[in-house]
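Please find the structures below.
Shared chain: subunit A. Partners: subunit B in the first complex, subunit C in the second.
And then the complex of A and B:
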C-alpha cells in the first residue's frame, strides 16, 4: 500500500519511518525539556512538603486543598485572573481599530506601523522595564512634568504599584493581540466590503456585520495568547508590581525557592495550568459556536 | 467599402430615445483618469428600462471602471450618472439602488446562503417576514433549494454564482451590474448559466449592465453592446450591428477573427478604387472618399469571409499563396495560408466546402467578396 504526502509518495512502512525521523529533533527537545519536567511537577504536587528536608514522596491532596481554599492563594488567583482577563480584553479592544486602520487605510505607513508592533518584541523585556522606570518612577519624567506644570503636588506612585505593572504588561502583550488581528483582517476580501456597501449597508453597518464577524476568530486568538501570557508572567510583576497585590508566578517562585514548599508550589502551578487549559478550550468552543463558517 | 470614420458613438446615442421610452440610466460625458491612464473618456450611454447592455472590450479598456462609477465605487473626474432621473454622481454606493454581481462573487463567507441573500434586505430595514418571503422567492427562482443553510465555502462555482445573483436580485435593484460574472465558470456551465440568466433578467424586466471581454457572453445576454477601446465607447449597437457594421478596424478585429492584409491602391475612380496585395490579389471596392493611386491601405476581412481555392479566383488569379496548416476546430475548420508574406486565417463550417481538400504545402488562391472588406488608409 502506498500513501502520498506533500513531500513524496512511498509505501506505508517507509512513510512511518520517515515521519519519525523528521520528528526526532523536535521530540528530542520537547520530551526531556518540557514533558518530563511537567510530569515531574505533576507528581510533586501530590507530595508532602517537609519543613526540614525537601519533600516526602506521598500521594495526598493536601496541597490542592491549600491552593484552592487558603484565602491568600484565592486572592492571588483572583488577582491574576482579573489582571489577565482585563489586560487581554483591553489589548483586543485596542488592537481592533489599530489593525483595521493598518490593513484598510494605512497605505505607505503600513510598514512603519508594523515595525512599531514588532520592535518591542526584539527588545529584552528587562530593557523595556528599565525604560518604563525612567518614565514613571516617582522622580521620572512623567512625574517631573506633572509637578512642573503644577497638575499635582506630590508624585503619582505608578512604579511598584498596580497601574505601573498594568502599563508594563499591556506594553509587553499588546503585539500578541495585534498580530493575529492583522492576520484576520488581511484575510477579509475587500470585495466583500464593497459588496456590503453595494447592497445598501453603511460603513458602520459593514463594520458590524462583516468586519467584526470575520475577524472574530483572530480576536479570540489574540485574547488567548495575551491571557495565557499574562497568567504566567513573572518578570513584570516582580520588577514593576506591588507586594500588596500579588500575582501568581512570583508567588509560585517564592513558595518554591524562598519557602522551599516544592509540593505546594507544584500544586499552585498545576491549578493554574488547569485554569489556562479550561479557558483555552472554552474560547475554542466559543469560536466554533460564534463562527461555524470557519470549519465549513 | 464600409464607411470608416471614428464616429462619436456616445453622441449618436444621446437623444436616441424619445419620451415614450423611459431612460433608466444615463451616463453623460463621464471622464476618469488614474494618473496618466485614461480609464473613461467622454463616455455617454443611455439605457432603457429593462434593457440589457454589455460593455465589451479588452482588459484595461475601462469597462470595469465605468461599472464601478455607476455602482459608486469610483467617482468620475467629470460627467454625470443619472438613474431614474435622479443624478447620483455624488451619492454614496450604499444609497444608489444598484446591485452588483462580482467576478469572484464576493459572498459573505461567514453567512449562510439564506443570510447572504437576506443581507441587502436587512440593510434596507425590510422586516423579517417580508425578507424571509423574498429570500424564499429567490431560492426557488435561482434553484438553490436545499442549499439555504450552506456556507459559501461549501458551494460549487455555479452555485456561488447563483447565490451572488440571488443576493443582488433580492434588493429589487434599479440597475443590475454584472462584472465578468461568468468568467470563473467552466465553458459548458458558463453557457448554460448565461442563457438562464438572460431569460431570467428578461422575464423580470431588470435593467442590466454587464461588463465582459467575452464576445459570446455579450452576444448571448445583451440587447445592445457598447464596444470600448482605451476608455472610449467606440460603438453602440445590437450584436448584428457591431458585428456586421463595425465602426472601426478595432471593433472589427475585436469581434471575431479578422485578417489584416496590407494592400496598395492601384487605380481609383468615382466611388470605387482598385486594390492589389503583395500576395497577388486584385479587387475593386466601393469607396466614398477619393483615394489616390499608390496609397497604402490595410484591408480587414473576417476569417469566415475568406475562402481558399486550388484554382485562380475572381479576386486572386496571380501568385498563389501556400497552405501552411489545416486545423480541425470542431464546428469549423481553420486553414492558415501564407500569401505575400502575411499569414491569413480562413474559417469554414465543417470543412467540406471550398479548400477542404487542400493540404499543407498546396498552392492556394484567396476567394472573398470585396463588399465584406473594411479598408483603412495606413
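And then the complex of A and C:
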C-alpha cells in the first residue's frame, strides 16, 4: 500500500467526513442491533424480577448475587467452563498432529484432507447431531457392535448423557481448532526446519523446539475459538445432553423464555459475556507474551 | 501418521455419511445399515409443510441478510481501507466484535430491544439481527480483497476524467467482487444455519429450528432427507460460485 487516502493525504477533515459517510450503512445496523441490545441487557440485569413475570425497573444487584452464588448456577457455570476448557484443550492437542501432517507431508491428499475439515462446517449442525444419534443411541451402531461382540452386557448410555454430548461438541468444534493451526503452520518457513535438522536436532526435537513455538499463535487462536464457542453452544447440549448436567446457553434460554426471569437471564448473559471477554483478552495477551514476533 | 490423519477424517465425516445413507432408507426407524433403500423419505420431507415453509422462510431471511451484509460490509471495508484515520484500528475491532459474542447473549439483547422499537420477532427483526454477524464476515473478506488491490488504478481512473462514483462502480467494485461475493456467501450460510439468534427473534419458523423441534419430537429419517437435500443444494451453489470466481480471476488477468 503506497498511498493513504485517495483524496489527498493532508486533507484531514474531509478524510474523516468521508470515512464516517462510508460507515453509515454498517452503523445503521450495528448501533440499534448490537450496541443498543447490549446496553439494554446491562440495564435489565439490574432490574428486579417480579414473581408474576414482569420486571420492576430498579437498580439492584440481586440478579448478579444469584447468578454468582446460587449453587444451581454455580454448577452450571462450573460445568460449562469445565467442558469448554477440556474440549478446547483436547481439540487443540488432536489438531496439532493433523495440521502438521497436512502442511508438512500430504501433497496430493492435501486437498482431500482440507475438504474433510471444511465439509462439516458447511453442513447443518442438525445433520451432524442426527448422524451421531444413529451412532451412539442405545440401539445404535456402537452399542449393537459392543453387545454383538460380547464386550458389554447392556447398552452403554451415551446419547442424552454427558459422553454423547462431549462427542457431539468435539465433533462440531474440531474443525475450528484445525483451521487456525493449519494457517499458522503453513507460515513456518521449511528452510528453518531443514536448518534445525542440519544443526543436529532430531525430527521429534525439531517438532518440539521449532514447530511448536512457531505455531503457538495458531494453537492459541484455535483454543480461543473452541473455548468461546463451546461456552455459548446451545444446540448440542439441548439435543444430545443430559438434564442432570446443565450447560450455560440452554439455562439462559430457559430463564428468559420459559421462566420469564428477564432480569436474571440478563445478568446471566452479562456474566457469560464477561467470561468470554476475559478468555479472549487473556489468550491474546498470552500470545503476545509467548510469541512476541506475531504482529497483533 | 497417515493413519492418524485418516482416523481424524473418518471421525469428522462419519455422521455426515451415516445421515446421507440413512436418508435413502425404506424403513421407519433409524436402523443402520438400512435393509432396503427408497426415496420415500425425500417425498415425505417435501410433503411436510413445516419443513417447506421453514425452508422458504430461512431462504428469504438468508438472502436478505446476504444483501444487507454485502452492502454494509463493503461500505465499511471501503471506509477502513481508503480513509486512514487514527481510529481505524478501534473501529475495525468494533465491527468485528459481534463475531466474538455468544449468539444467545445477542439474541436476548435484541429481544429486549425489539419491544422498545415497536418491532415484533419475525422476518425483519431476524434479517437485521443476523446481519449484525454477517457484516463482520463481509468486511473481513472485502478487506482481504483490498490487500491485493492497487490504489493507483483508482487514481489513474480519476486522472482520465472519470467521476468518483464512476470510478467506484467501474473500477473498484469489479476488482473486489470476489471478496464481496465470498463474504455474502458466508453470511448467507451463517444465517441459514443460525440457531442462537433465531431462537429469540424469529417466530420459530426457520428451517433449523423446525428441524430441531422435529428431532426432539420424532426421530425419523425425514430429517436426514432434508439435511441431505440441503447439502446437495449447497454443493451445487458452491460449485456455481467457484465457476463465477474463475471468471472474475480471468477479468483481473486481462486487465
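By definition in this document, the second predicted complex is superposed on the first by the 284 of 296 C-alpha atoms of A that agree within 3 Å, B and C clash if a C-alpha of one lies under 4 Å from a C-alpha of the other, contacts with A are read in each partner's own complex, and residues count from 1 in each chain.
By our rule, contacts are C-beta pairs under 8 Å (C-beta built on N, C-alpha and C of every residue); 3 or more make two chains touch, one makes a residue touch a chain.
Remember, it's a predicted structure, so these values are computed and weren't measured experimentally.
Student: Look at where subunit B and subunit C land on subunit A after superposing the complexes, then choose clash or fit.
Tutor: Once subunit A is superposed (C-alpha atoms), there is room for both subunit B and subunit C without a clash.
Student: Please name the chain, subunit B or subunit C, that touches the greater number of residues in subunit A.
Tutor: Greater contact footprint in residues on subunit A: C.
Student: With both complexes superposed on chain A, which partner does A:198 reach: first (subunit B), second (subunit C), both or neither?
Tutor: first
Student: So in the superposed three-chain picture, is A:59 touching just subunit B, just subunit C, both, or none of them (first/second/both/neither)?
Tutor: After superposing on A, A:59 lies clear of both subunit B and subunit C.
Student: Taking the superposition on A as described, I'd like to know which of subunit B and subunit C A:117 touches: first, second, both or neither.
Tutor: second
Student: Kindly classify A:214 by the partners it touches after superposition: subunit B alone (first), subunit C alone (second), both, or neither?
Tutor: first
Student: Check whether A:289 is in contact with subunit B, with subunit C, with both or with neither, and answer first, second, both or neither.
Tutor: A:289: touches no partner chain.
Student: For A:189 in the superposed arrangement: first (subunit B), second (subunit C), both or neither?
Tutor: First partner only, subunit B.
Student: Please give the nearest C-alpha separation between subunit B and subunit C in the three-chain superposition, to the whole Å.
Tutor: Between subunit B and subunit C, the minimum C-alpha distance equals 21 Å.
Student: Can you give me the overlap between the subunit B contact set and the subunit C contact set on subunit A?
Tutor: Shared contact residues on subunit A: none.
Student: Given the complex with subunit A, which residues does subunit C contribute to the contact?
Tutor: 1-2, 4-5, 8-9, 11-19, 22, 30-32, 68, 71-73, 75-76, 78-79, 82-85, 91, 94-95, 97-98, 100-106, 108-113, 116-117, 128-129, 131-132, 135, 139, 151-152, 154-155, 158, 189, 193, 195-196, 199-200, 208, 211-212, 215-216, 219, 223-224, 227-228, 230-231, 234, 238
Student: Across the complex, what residues on subunit A touch subunit C?
Tutor: Listed in rising order, the residues are 1-6, 15-16, 18-26, 28-30, 32-34, 36-38, 40-41, 44, 94, 97-98, 101-102, 105-106, 112-113, 116-117, 119-120, 122-135, 137, 139-141, 171, 174-175, 228, 231-232, 234-235, 238-239, 249, 252-253, 256-257, 262, 265-266, 269-270, 272-273, 276, 280.
Student: In the complex formed with subunit B, which residues of subunit A make contact?
Tutor: 189, 191-192, 194-202, 205, 209-210, 213-214, 291-293, 296
Student: Using the touch definition from the top, list the residues of subunit B that touch subunit A in their complex.
Tutor: Against subunit A, subunit B makes touches at 71-73, 92-95, 97-100, 102, 104, 106-111, 119-120, 122-124, 150-154, 167-168, 171.
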